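Two complexes are shown next, each including subunit A; its partner changes from subunit B in the first to subunit C in the second.
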Partner chain A sequence: MINDIRLSPLYPMVNPQSIAFLGASNNFSAMGSTIFSSLRKAGFPGRLYPVHPKEKVVQGIAAFEKVEDLPETPDLAVFVLPTRLVCETLEACGVKGIRHVIIVTAGFREVGGAGLELEKQLVETAKKWGIRFLGPNCIGVTNPHKLLNTTFMRSEGSAGFIGLASQSGSFVTQMFNYLDRFKVGFSTAFSVGNSADVDIVDCLEYLGACPHTKVIALYVEGLVRGRLFVETAKRISIKKPIVALYVGGSETGRKAGFSHTGTMAGPDRLYDGIFRQAGVVRARSVTELFDFARALGSLPFAAGRRVAIQTHSGGPGAAAADACGRTGLEVPPLLPKTIEKLSAFVPHTGSIANPVDITYSKNPMDFFSQIPSALLEDENADMLLVYYLVPLAMVLRPIMSMGLDEETAAAHATRWLDEQAASLADLMGRHNKPIAGFTFRSITEHFPQALMSRGIPVFQGPEKAVRALWACYEYARLKSRLLA
Partner chain B sequence: MEPEKILEKALLEGRKNLTEHESKQLLAAYGLPVAREVLTQSLEQALSAAALLGYPLAAKACGSKIAHKSEKSLVRLHLQDDAALEKAFQELANSPDAEGVLISPMIAGNRELVLGLVRDSQFGPCVMAGLGGVLTEVINDTAFRMAPVNEGEALDMLDELNGKAILGPFRGQAGADKSALAACLVALGRIGMEQEAVKEIDVNPVILGPEGSITAVDALVVLQARKVKP
Partner chain C sequence: MINDIRLSPLYPMVNPQSIAFLGASNNFSAMGSTIFSSLRKAGFPGRLYPVHPKEKVVQGIAAFEKVEDLPETPDLAVFVLPTRLVCETLEACGVKGIRHVIIVTAGFREVGGAGLELEKQLVETAKKWGIRFLGPNCIGVTNPHKLLNTTFMRSEGSAGFIGLASQSGSFVTQMFNYLDRFKVGFSTAFSVGNSADVDIVDCLEYLGACPHTKVIALYVEGLVRGRLFVETAKRISIKKPIVALYVGGSETGRKAGFSHTGTMAGPDRLYDGIFRQAGVVRARSVTELFDFARALGSLPFAAGRRVAIQTHSGGPGAAAADACGRTGLEVPPLLPKTIEKLSAFVPHTGSIANPVDITYSKNPMDFFSQIPSALLEDENADMLLVYYLVPLAMVLRPIMSMGLDEETAAAHATRWLDEQAASLADLMGRHNKPIAGFTFRSITEHFPQALMSRGIPVFQGPEKAVRALWACYEYARLKSRLLA
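So, the complex of A and B:
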């Protein structure tokens, strides 16, 4: 196991100082040109060397006719070439001394027939020169902490803590915008494609040692080095959480996966067991994979499965309690001392039980400080789930009724919401118990954004929030079993 | 008999699996609790086995080409006396591919489990536990782990079953001896790691007695001739 990330064989690929780019031109509709442009727009601070047989300048940067003409040996070469040129270009890179390559080009094992032979040649050439390569049939790597993005999609949002290794490129590119909505982002994301050389196990090892990565997410269609995967994941999952989505366990998923990356899949129940054995929390869908990742990457670990639910409306409280029961979480009775503390804040119309349904707040501040504080102090509760219904307009109205103009009132209202979010985040830190929120309103409203940017994940609806809390509990359970 | 000798003999004969009797001998050598049984070749042997084991008894046709015994009516259960045994013995001994008749006591218990070993192309030997009996495929409630497994992992497999309640106290019957079940799974994992010639093992059913005891009453060990990559 690597403890220093710089010792990882993938380090130069993910943190290059210089990149040779093969397949970019001034024809902007070409795939290679799009990727090169997105690499530049990400603000990559290192040296870029486009290689092109005819163009002297590519997108304003001096180009080189052949790999051998490059003025230095770059840390990384990116190929977006026609399939037939890939093997000979890899050979030229070997001669030049390049040892890390990303092969975006497709048309290898995944198409069968001659593609199989071509991929074998690729592996042999790489072995001969000691080259480590990602792909083929992938979209490469993104490392927002180093402003590196070899995908065609422009990176959005900020660098984050989710490390991804994916057998699909879309779950890298499509997630830039998706994750930004939840105020999280990638630490590093790999698209492994056909995994002819670098595979999910290599990426897992890298992400395990990566200091920016707090949680590792895996999208799996089929694992090849299965036994090594389990051993590697076991070592890493006792240090940081790993979540995985496996789609090869159904007949339909298995067939689609095979034509996608040419990977053999195994039975669903086998992967259930393997993940559990390796300390990996299994997600059921793509969105759940990232729900789990943001919860496990930002929340403290759950000591048990008991949830306190706080709401100001009966229906969402009951739905949340039902979701807990169905997910294997408990909704325990509150301790007498908690009920006593809460009686000061809950009006006579409310219900002081679990879920706590306050109906309306005597003092709106109580909802974000006194009440959650009392629930987190309760030794019967391991986690807190809160239903939020705080649109900005609702806060704005009473402030404006005091005679302030809209702009001043909005400034007051957002500041107030920020303070409440900070108060909850502070409570979570002090009690070291996970808090999750749920809403049916837009996740991009001010308050959920304020909470999420402070590490309290908010979900659309109680079911997703409850599953994410379950993941916190499940991870803690798997980890303690591995350490036993 | 030593496991290696049982396997070597079958491989030399070019067989694809062990007989039920050999399968149980192999499992017993690894500490699995298998039902007591006697392989008999004649009615005299069968009757003396009955005197040793006591009624009620089960009789089964045994042979290296025999699988799916219950589908082919090669099993006679709840035999109460010598006359019933004699009739069963004659029928079974004359059935195609029978190389002998296995006589064993009826094991009490109506809760049935399945334990096993499979070799996966990516994960190598993997142990399996599930709810067993004739409805195994229909119920499809199984848990897998990559071998080798330790006791904690084996216990977690049992906990993973949807129907795990059947392992607890159930309708006046005691809960299963889970540590004994876990020990079986650990042992199956060891076989997977140590015996390259074993391709698959299916122990079905494992009967859970009213006092929580576990007994393997049927088993099939499938062989593979050459070494395969784990």
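So, the complex of A and C:
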């Protein structure tokens, strides 16, 4: 295991100063051109060298006819070439002294037949020159902290703390927009494609050392270096959480994964064991993978499995409590001192059992200060789940009824919501217990966004929130077992 | 079982011509005032009679001091009164001849102690006068087809096809905004609260006969009349699908439900049996309850468990296939004739196995016509799952690169997306097989909205879409078993 990303063989791929780009042209409908364009739009500050057999200028940048013509040896070459040209171009890169390549081109092992032979040739050529490469059949790397994006999709949102290594490029590109809606983002994301050379284990090692990465997410269709994976993940997961989705465990998933990246998958139970041994928290769906990553990357870890639930309504409270029970979390009785503290805030039609049902009838100013504070102080509670997430309109209405115009009222309302979010985030910091929220409204509304941008994740519905809190508990449990 | 809602004792509650409202005032922060205001904002076309001991005019409408002063006997009275006034006011309603009441007021059985006694009194008074009432501790009814909304939350979106009976008011009010984002809505929704008189079984019977209701959703914390539930649900579910979420099955859910509505819940397995016997499809979460309702209310039912998957990217395809396997659905091989048809559309780097991986490289015009058409024609496929849901920007970019200004380009792009959505909906109609889509982008983007408004439900991530398709299969299976 490394402690410094500069020691990783992947470092120049993720932090290049200069890139040769093979496969971009002035035909904007070609994949290579789209990727080159998104690389430039990301604002990559290093030197870019398009290589094109005919065009002298590609998208406004001086192009070179052949790799050998490049004025320097770039840190990285990106290939979006026709399949038949890949091997000979890799050879040319070797001659030029290029030692890091991303091969986006598909048509290798995953298509079977001649593709198998072609991939073998690729590996041999790379070995001969000491080239490390990502792919083929991948979409490369994004490192928003260095404004690097070799995918065809434009980045959205800010650089973040989720490190991803994925056997699917979609779970890089499709997540730019997805994660941005939750106010999180990638630290670095790898699409490993067929993993003919660099594989998930290499990426895991890099992300383990990456200072921007607070949590590592893995999308796995099948692991080849299983033992090394366990050893590497074990060493990392005592320092930072790793979450994984494995889709090769069902017969249908196994087949689909094989035709996607040519990976041989193993039985579900085997992977359950691998992940548990390695301290990896296993997710059950794509969205859950990122739910877990959001929670584990921004929340304190849970010291135990006991959840205090704060709701303004019985149904969502009961559904949340039921979800806790089904997920292996507890909803303990509150301590007498907590009940005493809360009795000033909860009307007689509410409930001071756990879930604490505030109902609508008291002062909303307490919802994100006195009430959660009392719950977080309770030694019986390891985590807090909050349902009451105020829609902007609900705050706006009473303010406007005082005669303010809409714009002034909106300014007051959003400031009030921001203050409430800050208050809750502050409580989380002081008590060092995880807090998660849930809502049925859009998570892009002002209050959920304000909470999420302050590190309190919000989920659509109680079950997802509960599963994310479970991940905080499960990671702490796995970690302490590894340390013991 | 009834075949006409006019025969239901609930008919005047759901379709009143006139309403007495007790508990609204000119103090806008009171719950009663909020509900009265949302009743009016919904555009209720009948006669409204606020009753208030002091105020002569409530929110601009002439008020009456006492129930006995009302100029007619209204079809319905709504109570949002202090707990201590409820019984005597019900008595006054009895005297006046009012036979249908919604009691929003809480503080009865669910708070224990004196509340138990109070609820008994309530039931006795109602019996004495032959009054049918909903609640207490509920938020009443919404019937958007009749512009009726007795909840404190303003309606959003259009009247729809989901009939809901819920032991939580939140799953009525919180779903206005939620369902609208998915382009569906309630036909009629009941919050039954403590069910001291009208319970879920009564509502189920009403919804079974309701012509606007294509699917019935139930939120259950515990059933009292279990045997009648099974008999009623059985008769209805051979005509229209019923989906249910039960949260009393875990120890934590049971306790929370009890403090919410005072309901005694039973073991999870018992309810599994009840639902299966009754032909009810059981959901595992709140969002899944409505996912199932959306799917079952708008899709044809599935003749079998075999899913064809159309994707433009391997990872989401593999994750979808894996989800099918885990959910008990199959991803069968395609017929040779289908493979032949598709070979013209799928590039060599794609895959014509199932999932069909189109990749990005061919004509997007085929994605929603030729390709799904071939898959729906395949006798091996009972359902179709589609991943490729085009972001507007992706269509906009090439159009704008042809030199059109943004506004014209946007008009072209949205028209093109609408045409694609219409084409897919048309294919669904012709082949009578369910189609579901999934995306990781926001479901409020143009294309998912266009699909959903044409009856093709779209889900966030493959697992939710697969579960919804499973519900289409499961309902068909349960129904044919009941008919056998």
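Criterion: the second predicted complex is superposed on the first by the 482 of 484 C-alpha atoms of A that agree within 3 Å, B and C clash if a C-alpha of one lies under 4 Å from a C-alpha of the other, contacts with A are read in each partner's own complex, and residues count from 1 in each chain.
Quick note on the criterion: contacts are C-beta pairs under 8 Å (C-beta built on N, C-alpha and C of every residue); 3 or more make two chains touch, one makes a residue touch a chain.
Nothing here was measured: the structure is a model prediction, and the numbers come from that model.
By the touch criterion defined above, A:Arg284 lies against subunit C but remains apart from subunit B after alignment on the C-alpha atoms of chain A. In the superposed pair of complexes, A:Gly266 makes contact with subunit B only, with no contact to subunit C. By the touch criterion stated above, A:Ser29 is placed in contact with subunit C alone, subunit B being left untouched.
Using the contact criterion defined above for the overlaid structures, shared-chain residue A:Arg276 touches subunit B, although it does not reach subunit C.
Using the contact criterion defined above for the overlaid structures, shared-chain residue A:Lys127 touches neither subunit B nor subunit C, since it reaches no partner.
In the superposed pair of complexes, A:Arg84 makes contact with neither subunit B nor subunit C.
Of the two partner chains placed by the overlay, only subunit B lies in contact with A:Gly222; subunit C stays clear of it. Of all the residues in subunit A, the ones that touch subunit B in their complex are 222-227, 230, 264, 266-267, 269-270, 272-274, 276-277, 481, 484.
On subunit B, the positions that touch subunit A within their shared complex are 120-124, 126, 142-146, 149, 152-153, 156-157, 160, 230.
Listed in rising order, the residues of subunit C touching subunit A in the complex are 28-29, 31, 83, 106-107, 110-111, 137, 152, 166-171, 174-175, 177-178, 181, 219, 221, 245, 247-253, 255-257, 259-261, 284-287, 309, 313-326, 329-331, 348-349, 351, 353, 355, 357, 359-361, 391, 398, 401, 440-442, 444, 460-464.
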